[in-house]
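The structure's right below; bear with me while I get my questions together.
The first chain written gets the first letter, and so on, giving A, B, C and D; residue counts start at 1 in each chain.
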């Protein structure tokens, strides 16, 4: 949710952005069959068709119905495509999203089209209050989040298929990873969190002070080649590197390398959205759980940065080297990873969720999860920010998640 | 597997039947979308697309590859579409059949088409040994079994959808259930089991003698209206009616009525392949587990018949009243149910599985299951026989399973 | 439950037997500490203290309270020590029997003593109706069943202890196993089941006719040495030997040999009630599940006998060679095993459970279990009979269960 | 682990304290039978006997064996009584601690006695290096932690017994809870964490600065009577009060009130170590999960304090009112609760675990848990400190855990 101080862009600008965001979602789905989009590969992931419908439901439920006087396209969709908003009524169980062969993909595309039309008419026709435009802006950012999930959920689905199918052509080969250097910070009072003027989610604020001890932050994420050294050094067989919960996960899940890695005759293969390919040692290590990121850091004699450290030192670094926080979406995820931090996902001081159902957007998940910062190659361009707080449970591996090392100065 | 004595029909007749069976499978799939056919709603059920492919794999694996010198259409299909034949090599895990969005439905239809063409060419071209034709006949009966599973698995999938979609128009209303009468049998030595000349599965033989005590068998299955009396009498709340395992299932699963039944404001609704419809009291009760069939019988002061009793008295009854053992497939299952017996699914005396991989067809499942006799409205015409032994675990409810009462004379 | 025709022994004889049975239970518990008797090692097993109390509860509940006008020793015990009698009211959950550190062992021993005293006074004082004496006889047989469970449940508990403690001194070494021979039977009509005059459980009757095909039965159970050949031949790695459910159990449980067997440096060790000891090749193989017994028989080119075959041929064999059906209890189980049959545990024709709560004794368990015949070294002397039907689920391994081979003639 | 700067007390003082700590553990066990001490009621809890042995193992393993040249009392104990120290070798699985009926209670008491003797001789005889005395001090604090666990684990065990047995006489009735007032804090830089001179665990340091926003802290914990208002207001039925994980726990576990609370005919009963007793409205609410504490705070329009807020304002409060942080142990827990904070259990800046196996004491658990501050009536006198960090998973309810409200100023 935007801060109270944030003034959303004018309706015309938002409509323009609406068109682009909505079109990009369809473009992501374009290479897929109706079958690919119907299936759910695990409870954490959702079918692509469900993402297409849910992002549409968001605009219909929070804008068209209460503010544009619209009638629902189909009253059943309120039940089927509500993700987790208790205040928006009962809903279809998450692990059963993959059973919804009806409405068909065509029906869902029609739903999108009809909601898009209604949105256009409504935005063209009346003067909207700023708080309503703020909800529209939230809906666009919400859809961008689901664009990333479309890619990660799809990748998990395809990885379960023994045919190892490809979704897209491989990205052009990347160059060598730059040598690692360390960026020192002297410690002291810092300020973190969003303070405008642009959009931010409610969990990014309020901006506030934190005290930092002197530390150093690595100039780039850990590469797959560096992580492989940990694997080959027996990192997954030595409990001393691991948090207790992490070691339990290693044993219970039989982890021996990051998700999607596989060793065959001494050669390491990685499943990507371009199919299974040889491990690219200069790409950032990814599909790591927090446990693995933490264990690697301990093995390397370092630690994960806190989110305050990351925001203070890493975010400016990204800009310094000319990188935005949003590398272009690339199917195979060859570059750009979310970076696990040492920080639990908890409210900032004086955090207040938004009023109404969208108040459930972020706050109620502030338990049992760890913060990731940055952005990945699957993140839509322009979606992330230096203050952006991504979060997942420490055992999650299907996101494009890696790490950047920190150490005490 | 056919008995040794059974002489399979000539190749021309089998080819003709091949065309009809294969076409009927496609006809069953015709009203469905690719999405409907891709999804798996529970580990016990399979996607329709998988059924389409697996039945094709059977002909390719057991006939075309070893006997017609064919090359596999796609070597990966041997892994993907093997159901449970250990001797045919490793295979895709059953609960993950629903993750196979590739090969696409179009690919699978092409697979069917190419295998059908090869089968036609092979059957036209050479003289086949009787044991090879016997395998073809087995494959046709195998595909008919999957035709029934296509309907029951699909029904389960659609029932999980809050939209309660219909697959087919409802069947015409049936008349009243005939009054129940009892058919006595004096007991003594009887013979059961298949002895030719037609096709039968290996588990139906050898024909052998059994000793029967005097008993009586009901003239028709229990109707939904009769079963409703048990429900309304608190049958699902009184442990005295139930086997211990059945009572545990009632409590663990929260059963309060047969599968697909639902009470709303005093009215009983039943999910069918024509959508949710009012309970039809004169139709046979179905979607019962063995536990429920057994509990009903005990509540009614009766018992389930053994399969020997059923074969001796019920099978001829069906003929007597002009019913075949194979009512025409009807979407909503308004008539015709498999009838649970009191017999565990165990080998007949001197039972021998077939040689080779098809020996895994029946024998290895002779543990932990109960026999059902008869046929249901979902069974292909001509598929069942008086000696036919269907079998499912006692807790299974997604088949068209009901009961017929028996009592000691 | 006794047959209707069975006349129970006079009260004086039953009192004498009561004293002996009750004393033997205490003798079994004598080497154990209160701790040993309090703990439950798995849901299927019960603490020894619970067995001591439950067998006492049986006499109190079914005799003293309804027939002797007694007041309960402690009203709470009716809840705590009811095993599964729904008609006797609610009860403590089975998997939580091991949480009952109170009542203490001393309290339970006092309970036993007070019920014993009341039983003596009651039996001495009045004339009891035959149906009441029949309940007493049932209670004694019931306690004998629990004597066997005390040993098998205790063995499981001690086996979970890394100290591998011993309960009793090892039995004297046995001689060599006799050479295997085959006892033929020509087939035809046979009669099985109990017909008096002595006591039998309700599930052993009524006596009835069965038709047998010609077959042969082995002269003795399979020995541990013979079973070891199956293990060493890779029997646990080849799915062709196994029922489908059995193979699933092998993989899910990681079975590689019978329960309590362990290989160390090429030497096979077996946990016994005398601690861990070298495998005794001439002792009967035991602690086999039905799946393992069945797989061994298939590997050996044979099959398991039906219970009718066993009762017709094996029971007389036992007598012929001077063996009773009840070898003396021996701690380490060096001789005498229950023998899995190919028969599911189902009611005999015209079976009727007893009236009242004791009708739950056997009938409601006639689902999902297989019959074992014979007796084991843990069975109290005189407890078993040629018609005795023991039963356990096919995956159970903590009983003293082995097999005898059969084959078609 | 003590800070580097902390100088442990002299050996003579530690020996004196050793005698008192060890004696108090035995005193806690004194009212219990061997049966009570052998049983494990859930995987999170351990048998009292295991606590008696494990605390002894700590001294033997980390002091007597490496530093006093002692031989182990029993080599098997190293396997049986290691809790979680990977560096100390393999160990008995935690959920199976309750299966260890051997060694007997008498054996374990003998183990304690022999280790105590060796400790006395060793401490009397030689000059110990400060780092070794630091380990001794750690062992004493470790044993005090297990003293609290003995009470909480025992309470859980007894609560599972339908007899609702009492461990101790109820404490004398407490007075009225004081009226709630609010203690303001202006915010700014604060220092938290241990800095000597006394003992502290490694996770309490290093002392470091944190920035606080202005806030207020309640003068006392929430009482049972106050919490009951939340229950009666439907707090457990309204998802808006709950974190998402908390609401999932409410539904999955069927929570409707704190652990050990039960409503009967409108009257609220609470299971205590003095048996089941009427709810005492003026006692602090306890046996709350973090989720419940958080939900209550939200319902009350407040929030939980961070651990820095708590340490800055609440710890001095305790002193101010003359309370130590360690109310005397009282069986029924009538007063004194651990207070859940809003802080995840994570390392302080520059935290370093101790070298060697005791480095596993705290650090590896810094994942998935929340910090509790204060002390409870079950905490040994003198054990806690203002900097003390207790921690449990957010769903844990068997500890004496309550809450104190905070709010933004």
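Following the convention adopted for this analysis, a contact is a pair of C-beta atoms (placed from the backbone, for glycine too) under 8 Å apart; a residue touches a chain by one contact, two chains touch by 3 or more.
Note that the structure is predicted; figures quoted are calculated from it, not measured.
At the subunit A-subunit D interface, residue numbers used by both copies make up over half of all numbers present, so the two copies contact each other through mostly the same positions.
Chain centres here are Cα averages; for subunit B and subunit D they lie 58 Å apart. Centroids of subunit B and subunit C (each the mean of its C-alpha atoms) stand 37 Å apart. Under the stated contact rule, the graph of chain-to-chain touches is a ring, a single cycle where every chain has exactly two partners.
Those residues of subunit A whose C-beta lies close enough to touch subunit D in the complex are 84, 86-87, 189, 208-211, 213, 239-240, 242-247, 290-291, 294, 342-344, 346-347, 349-350, 364-368, 394, 408. The residues of subunit D lying in touch with subunit C in their complex are 33-39, 41, 49, 76, 79-80, 92, 96, 98-105, 157-158, 160-163, 165.
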